[in-house]
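Each structure below is given as structure tokens.
Here come two complexes built around chain A, the first alongside chain B, the second alongside chain C.
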Partner chain A sequence: MTTPALELDVRPVGGATAVIDIRGDVTATSEQPLSAAYDEATNTHGAQSLILNFTGLDYMNSSGIGMLVTLLVRANRQRQKLAAFGLTDHYRQIFELTRLDEAITIYDDESSALSSASATS
Partner chain B sequence: MTMTSRERVLTSFAVPSEPGNERLALTRVAEAVAAADLTADQLERLKTAVAEATMNAIEHGNHNRPELDVDVTVVDTGAAIAVSIVDNGGAHEPENDGHIALPDLDLKLAGLQSPRGWGLFLIRNMVDAMDVSTDGDKHTVRLLMVTGDPATQTPDGQTPDGQAPTPEGGPDDQQV
Partner chain C sequence: MSTQEQQPVQPVAIEEIELAVKEQTVAVPKTKVPRDAAYWAPKVDRLVVDADKAAMGFNVAGRRVTGPQQGFGKLWQRTYSAALRPTVSPEQLISEWKDHFASFWPKGNRFGGTLIAPGEVAPIAVNTGGGLKLSTGVLVLYADPESFTFMTPEGHMFAGWITFSGYVENETTIAQIQILLRTSDPLFEMSWPVMKLMEDRFWRQTMRNVAAHFGVTRADITGKTVCVDTKRQWKNWRNVWHNSGIRSVLHLLTAPVRLVRRAR
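Our next item is the complex of A and B:
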């Protein structure tokens, strides 16, 4: 049995907020599953704040960053907020280089991200 | 490639030009440099640069043709780790369909740039130096990561004995 390159779970956490748990690789092949997770969070759970949990991230390449930009474009169109936690120092550095950290608020952990989301919702 | 007495090949291997094989390359390079004098941060940055350069070689050099290999060689120069990534695409721009545009998140969010196109930008920002050369069909990207205590090196990467870690220069040199 092969392990899927990317597994995503969408968790509604109340207050029109959903956490998307990311496990595995975020690459060019992630477009469909990321889009499906976004649709579930938005259409099924009515999320206005989306929090990406990168704790289980194994690998993300430039194509994966492109996928995040696409996600960000969709979120901006819907006036949704995008946040993230669980990034390693290396991927935090990449978020800073690409300036993704200016558009996706980065938190150290889930509780910090949820506290901020509940305070602004 | 001219070798000096201080240089030592740590590994040399090939990967077929299939999407996803950049992970194989980064794993092999990481294993080869495990004993090198790189910090954990340098190692992560080198792995990302190797993965992105290999992706470019697979996609833009060899056009995802699995019968063509991407050749990877890792050398310890004594002052730096040098990783050469070679494809068969001849002179080609690694991405952006021939136009090297600096990726700009604002333009991407406004729909004025493709969401993609981060690869070369990442490579340039991950390593201490990068140069590109072409010899017939062979297109080579060479990545350099300075080893040793950065405090003992000058900002241009030279060690106290004046030994520059960079390889022989060329018109395509792209220092970062």
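Our next item is the complex of A and C:
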């Protein structure tokens, strides 16, 4: 049995906020799992703030960045907030290079992201 | 008593360190290098064009790069693909595509890059018809053995990413171009109905040229366009300041002035 390239867990953390834990590779094949995680956070848990946890991110290519843009568009359409934490310096630089950091707020850790989410909700 | 204790100033030989690591008697700090580290362009704030391409890159030097979030118009995903011979691997396809990128472009257009490698900046001149060449460029954002991606600068017709890739499907290698774009500003958005047809012709011809390079003479090019976001981003209307169409016309009109200045 092969290990899936991407594993996602959705954690409701109260206050209409959900954390999506990302482990593994974010590539073109991530579209379906990312979409399913978004649906679970939104439809099952009623999240108005989505926080992406990149602590377990192993690999991301340019198609993976495209998947995040699609996720961002869906969140914007539903007037949801999208934030992220757990990015290494390398992935933080990629967010800055692609200017995705201008649309997805990046926090150093989960507690900072949660504090901000609860303050704005 | 060890040798080190008797002579504390003596540096430890590299062989001793290697042996200690091998025997796991010392801890080695885990500095994990991401698998994709070599594939991404280094972070740049403003694009720099090589001196030998400066004349062609007048609409690129000093510009910032733009992703779909910095664009103006609706967000589109356009995908073009062509089946190649099964004997061509995705790695071979991408290697050849990188090496001959400029020659695959339709005639009348110019790609000024010399190398498809992360961080490279390539000025481009696109034929818009009527004799006018629209000058802009691209940054090689990402390049691995099976794909490479361009990101556009401010002023380009589109804000977004263009990914060229190869993959295997049903034992056949597929060449693919996928573009995630918004038009950059209101003027380009107004021209979109015409531009999308020109774009369509451009990328289909490029795919045909790539396929022909690999011996597929009558390639069946499939194209798909999906509107990802119907909303226009009015907050970015000021992008018109960098509009490469307007600036290319102004550059053309002021050419005599530059000639006179150079002659003095």
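Structure notes:
One rule holds in what follows: the second predicted complex is superposed on the first by the 121 of 121 C-alpha atoms of A that agree within 3 Å, B and C clash if a C-alpha of one lies under 4 Å from a C-alpha of the other, contacts with A are read in each partner's own complex, and residues count from 1 in each chain.
Just so we're on the same page, a contact is a pair of C-beta atoms (placed from the backbone, for glycine too) under 8 Å apart; a residue touches a chain by one contact, two chains touch by 3 or more.
These figures come from a predicted structure and were not determined experimentally.
Overlaying the two complexes via chain A brings chain B and chain C into a clash. When the two complexes are overlaid on their common chain A, residue A:A84 makes contact with neither chain B nor chain C. Once the two complexes are laid over each other on the shared chain, residue contacts for A:M67 go to chain B alone; chain C is not touched. Shared-chain residue A:Y59: touches chain B and chain C both.
Look at A:E96: by the touch rule set out above, it reaches chain C but stays clear of chain B. Residues 59, 61-63, 65-66, 69-70, 72-73, 76, 88, 90, 93-94, 97-100, 102-103 of chain A lie in contact with chain B in one complex and with chain C in the other. Here chain C touches chain A in the complex through residues 34-37, 39-44, 64-70, 75, 141-142, 144, 147, 149, 151, 161, 163, 165, 178, 180, 228-229, 231, going by the rule given at the top.
By the touch criterion given at the top, residues 25, 27-28, 59, 61-63, 65-67, 69-70, 72-73, 76, 88-90, 93-94, 97-100, 102-103 of chain A touch chain B in their complex.
Touching chain C in their complex are the following residues of chain A: 58-63, 65-66, 69-70, 72-73, 76-77, 88, 90-91, 93-94, 96-100, 102-103.
The part of chain B that touches chain A in the complex is made up of residues 19-20, 22-23, 41, 44-45, 48, 51-52, 55, 103, 105, 108-109, 111, 114-119, 121-122, 125.
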